[in-house]
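Below, chain A partners chain B and then partners chain C, in two separate complexes.
And now, the complex of A and B:
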């Protein structure tokens, strides 16, 4: 199969190359003096551009245009049908950040909800995934099978499983039933877990953690398995128990992985909103509205109101937030060496 | 210094100890059993949590609508295949299924072809502007999809591909660029440079080196990227929902959405449809998981 792909690329790229045969012939030539080296360098550069050309071409059409367009739209007012944009400078941004009595409350509520998600999801993911990987690393016999089972949430996450969650979170759904069976009937939610404004956001956070744990667990497991076992050995000889050696030796060594897990999940929970769009659509009321979802709504679900510019501006604010997070992450990584 | 010559057997000894020490340790046989039981319970409990929604999805798909509405038990009292058959026949599910397969396969193949070529250039070839281009693609990782969604729709209506499957495939491919380039460039960089030099001495050109040496050696990463593209594409909902209008072009997520937005949600048919959508992904994952796990691990180490 890989060979097939290779030849397909060869055919496609060969057409653009002009004279691929000469290039092929000279490919293996050893260096012959400064002039030859220069030619060699040029040829390699030509091949380099050729190999990235399809990616760049697609990016030029689907990326550059859309990004430039989206960015300029964030400074305008438009409803998608007006023949012209109504330029308003930074007003979209200032409106979103407190200036508009209509949009500021919406954004504020969504920002608070998003903040909860951005804090809770990464932390809980680490809190579940790290111990799970530790325990899984202890067993030898069923490790492969269990790892696959633990991967089911990651593999299946999408609209189908979101609907399955909706189904088991219903008033007479499986979660309430389970609580009754184990004698915690008082915790049942008669309106359903997503129907009660007080539990809806927390429930969504649980669902998000459920789908984020598999990758985090796998990353930790990889880290644990590449751990130098003599370190643990030394700690145990020094009389440290399992818990002690885990917290003082293993956990610090897993720091780089923790940073990656946190970063991935901060980004996803900052920008991702598919689960919210499908499962709650922000409701009940505005109890599960998040910034990504509000952006989508302003762009596509606000009928004829001229909110497309606002949607763009909100999206770019999210981009900025993600960049800040990435920057902080890089600083932290560097400090850890 | 003599310790260095001794070290391989000593290390082996430590490794052998390793297997015995934590088990015998300071605990007696009874303590060992207790620990094992706790470990077993924790592992089994999380396994149950992982598949819990999925179990109820399967359960509902084999129930009648009446039984689903009554709720209350996991195992269907009177398992039926009717729900499946009805869902499959009634809603042109086969067409939706084929549409989903088409979009997913084309997107995945394009991602693998376009970005493995680009990554080969980024990791192996020297050309001016390389670093800059590479960084540009990585920054894209942080551009929220929702920002470009609207411009994509407007652009596609100008290009007259809005509502077609290509109108989905092209943005999906472009959207996969950062992750694919990151992962594949890492994988190609870990291929020893001597192999390339040796092949060049034998007169092989770049295309040959790329397709015969680098691609096969980076197979785990390539398969990982294929899966990491295929799964989200199969499930994609945000762009699909706003661009597809003609029911003939619908993919599975939109079909599911249409079922859910009926006035009364029939959870048994909805779950049957969901199961039809999820099973191919699980099969795909099980087939490729050996590579997938290795590929992800390689990506982290790189």
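And now, the complex of A and C:
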């Protein structure tokens, strides 16, 4: 080890001692003219471009091409099989936004449901994840085990889990059984929690929150563990109790994390549809149809109808909505801060 | 060859072995399931010129859409009278571009855009019909139901008796999560029998005065509503396979499906001897008492245009259409072949398939679920079925409001078609 350091030092010293400065080198080595420097610069730039080329090519194919392709498709009618697209101008957009008596009611209902999800899931996630992180941060023993347990929903979330939830929420599933066992039989849902249009969307929101809490909790926990303890101590010296110091010191300091949690969940709520596809397919009736699911249905579940363009247009409208929501969210958080 | 029916794979492989022994040509069978994965795979393969030589397709659906998009060979010159003579008369034109299909293809947004009158894009592989009720025979017998209900009233009575005998699992199920099922498999056959062909078709016509809000429409909806107390709890959250599975697992005592449901039930361990099947019956004062169901091609065989083995592919299609091969295929796949089989071959299919065949009829007084020319070409049964599901099993709409909404949707489909 020491020898290694010594060698490095010696080499460095040797280089420092032995390498003549540019001025000193002037007589021996051929002087580089302005063209030489330019050539060197270009060579360096070429190497730079060569190194970033794979990433640029990947982005050009997977990013730019698909974005341009998808955007163009939103102005066309196509079913994925026809040799050519039928151009429709803005009619896909106008049909979705009130122009078509077939599609407008579907989009309207899905938009209202999506709005509920977009509001409820991020808020409930914060409301559950932050207290959970606070509790976990206070626990002195088994913190690692508990953290793993609370993180289980995240690592297991997937199609299998959504199927498992389906079984749990069935008329004779675990939830109804539990309610009956603890004497709350009147709260049972005879048609299952996803079979009743009045409870289906709320149930889906609970499942989504269950999936979202682990990451949010971990983010909060990281924030709590990196808090400067002197701030809390100062608050305690000033007479603040646990509740006071949590609400007036800790919570404001967690604002950047809250913004991230809210933004991530708003995005997921707007665009996510897998759980809805697997668990309810938008039903019963249209009580759990959301915009992401309708986009997927128009694209892939329309039995070869030429609605890929409509799906693309709905996707772009969702993108715009996500931008607007993110913008409003940031402004609100800034004002609150 | 690609198929989207897992239950057909073993039977197709057995036929392929015989075909290889006879001709020396090998056939590789690959299943791509479920249906939407099959369509996506065909879509992707079509764009990369990677389609197989032969596809099993939904007849009068995918075949015409793929054909219109230029993916399939036009078989009209290859399928001659001798070939067609093997089939049931009801399915002879299935897979072809009839004047109705051609007219519908001209509507903007039609999925069959590009087809030409007289083209043929598939030959039938399996036939059948929707609107078949599967009843748990032993439970029904214990509840005092020993013969298949012949009228809607008897059907409701059977439901009532079995549900009383088995309060937890005596009900009826259908995959309402795909809401077109209850509409097309249960209500429509009953409505056709109740009203007769003309008045039934008028329910879907452009004249709302004869639509679902009319006295006829309301009569159908109110009669259909009689099934409401007997739905299996949570049936609205079940897809087609899930509903069939619930029946196979004993969670329901009645299952509404089609002739194709039998194979799925058997695959999932249901004992076919414990089944009684019957077509959805019309009411006793129906316009068509003793309604029969007209079979139509459920799946067909198509040759892709990019195939460089067209002659071999045609020989394979011809081979599968032979009576003896079709009978063996039907027996193994538990599906009804399209052939006009003689008595001996027909009996070899087994008692359940035989009873379903017995319900087959023809002519204008039999209900043909495959005939849809009376509906607007952009009609979406899933969306109309979703409204019906709100009526029953969800009970969130009245018959009046359901009729109004269904009529309004049909009006908009006709308006879009006539734009």
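Heads up, the rule we're going with is that the second predicted complex is superposed on the first by the 273 of 337 C-alpha atoms of A that agree within 3 Å, B and C clash if a C-alpha of one lies under 4 Å from a C-alpha of the other, contacts with A are read in each partner's own complex, and residues count from 1 in each chain.
As a convention for this text, a residue touches a chain if its C-beta (ideal position, glycine included) is under 8 Å from a C-beta of that chain, and two chains touch if they have at least 3 such contacts.
These numbers come from a predicted model, not from an experiment.
Look at A:97: by the touch rule set out above, it reaches neither chain B nor chain C.
In the superposition on chain A, the chain among chain B and chain C reaching more residues of chain A is B.
After overlaying the two complexes on the shared chain, residue contacts for A:253 are found with neither chain B nor chain C. In the superposed pair of complexes, A:112 makes contact with neither chain B nor chain C. When the shared chain is aligned, chain B and chain C each come close enough to touch A:300. Look at A:227: by the touch rule set out above, it reaches neither chain B nor chain C. Of the two partner chains placed by superposition, only chain B is touched by A:319; chain C is not.
By the document's definition of touching, of the two partners only chain B reaches A:150; chain C does not.
By the touch criterion defined above, A:285 lies against chain C but remains apart from chain B after alignment on the C-alpha atoms of chain A. Legend: residue contacts after superposition of the two complexes on their common chain; A:190 is shown touching chain C, with no touch to chain B.
In the superposition on chain A, the residues of chain A contacting both chain B and chain C are 170, 172, 300. Contact residues of chain B toward chain A in the complex are 11, 14-15, 17-18, 21-22, 25, 39, 42-43, 46-47, 49-54, 56-57, 60, 71-72, 74, 109, 112-118, 120-122, 125-128, 130, 133, 137, 140, 142-152, 154-155, 170-171, 173-174, 177, 181, 199-208, 210-212, 215-216, 219, 222, 231-232, 234-235, 237-238, 242, 252-253, 256-257, 260, 267, 270-271, 273-275, 277-278, 281-282, 285-286, 289, 293, 296-297, 300-301. Across the interface of their complex, chain B is touched by residues 2-3, 5-10, 13-14, 20, 23-25, 27-28, 30, 41, 44-52, 54-56, 58-59, 61-63, 65-67, 69-70, 73, 131-132, 135-136, 138-139, 142, 146-153, 155-161, 163-165, 167-168, 170, 172-174, 177, 210, 214-215, 218-219, 222-223, 226, 229-230, 233, 236, 242, 257, 260, 267, 271, 273-274, 277-278, 292, 295-296, 299-300, 308, 311-312, 315-316, 318-319, 322-323, 326 of chain A. For chain C in complex with chain A, the residues that touch the partner chain are 36, 39-40, 42-43, 46, 61-62, 65-66, 68-71, 108-109, 111, 113-114, 176-179, 233-237, 239, 378, 380, 383, 386-387, 389-390, 393-394, 396, 408-409, 411-413, 415-416. Across the complex, chain C is touched by residues 77, 79-83, 86, 100-102, 106, 166, 170-172, 190-192, 194-195, 197, 280-281, 283-286, 300-306 of chain A.
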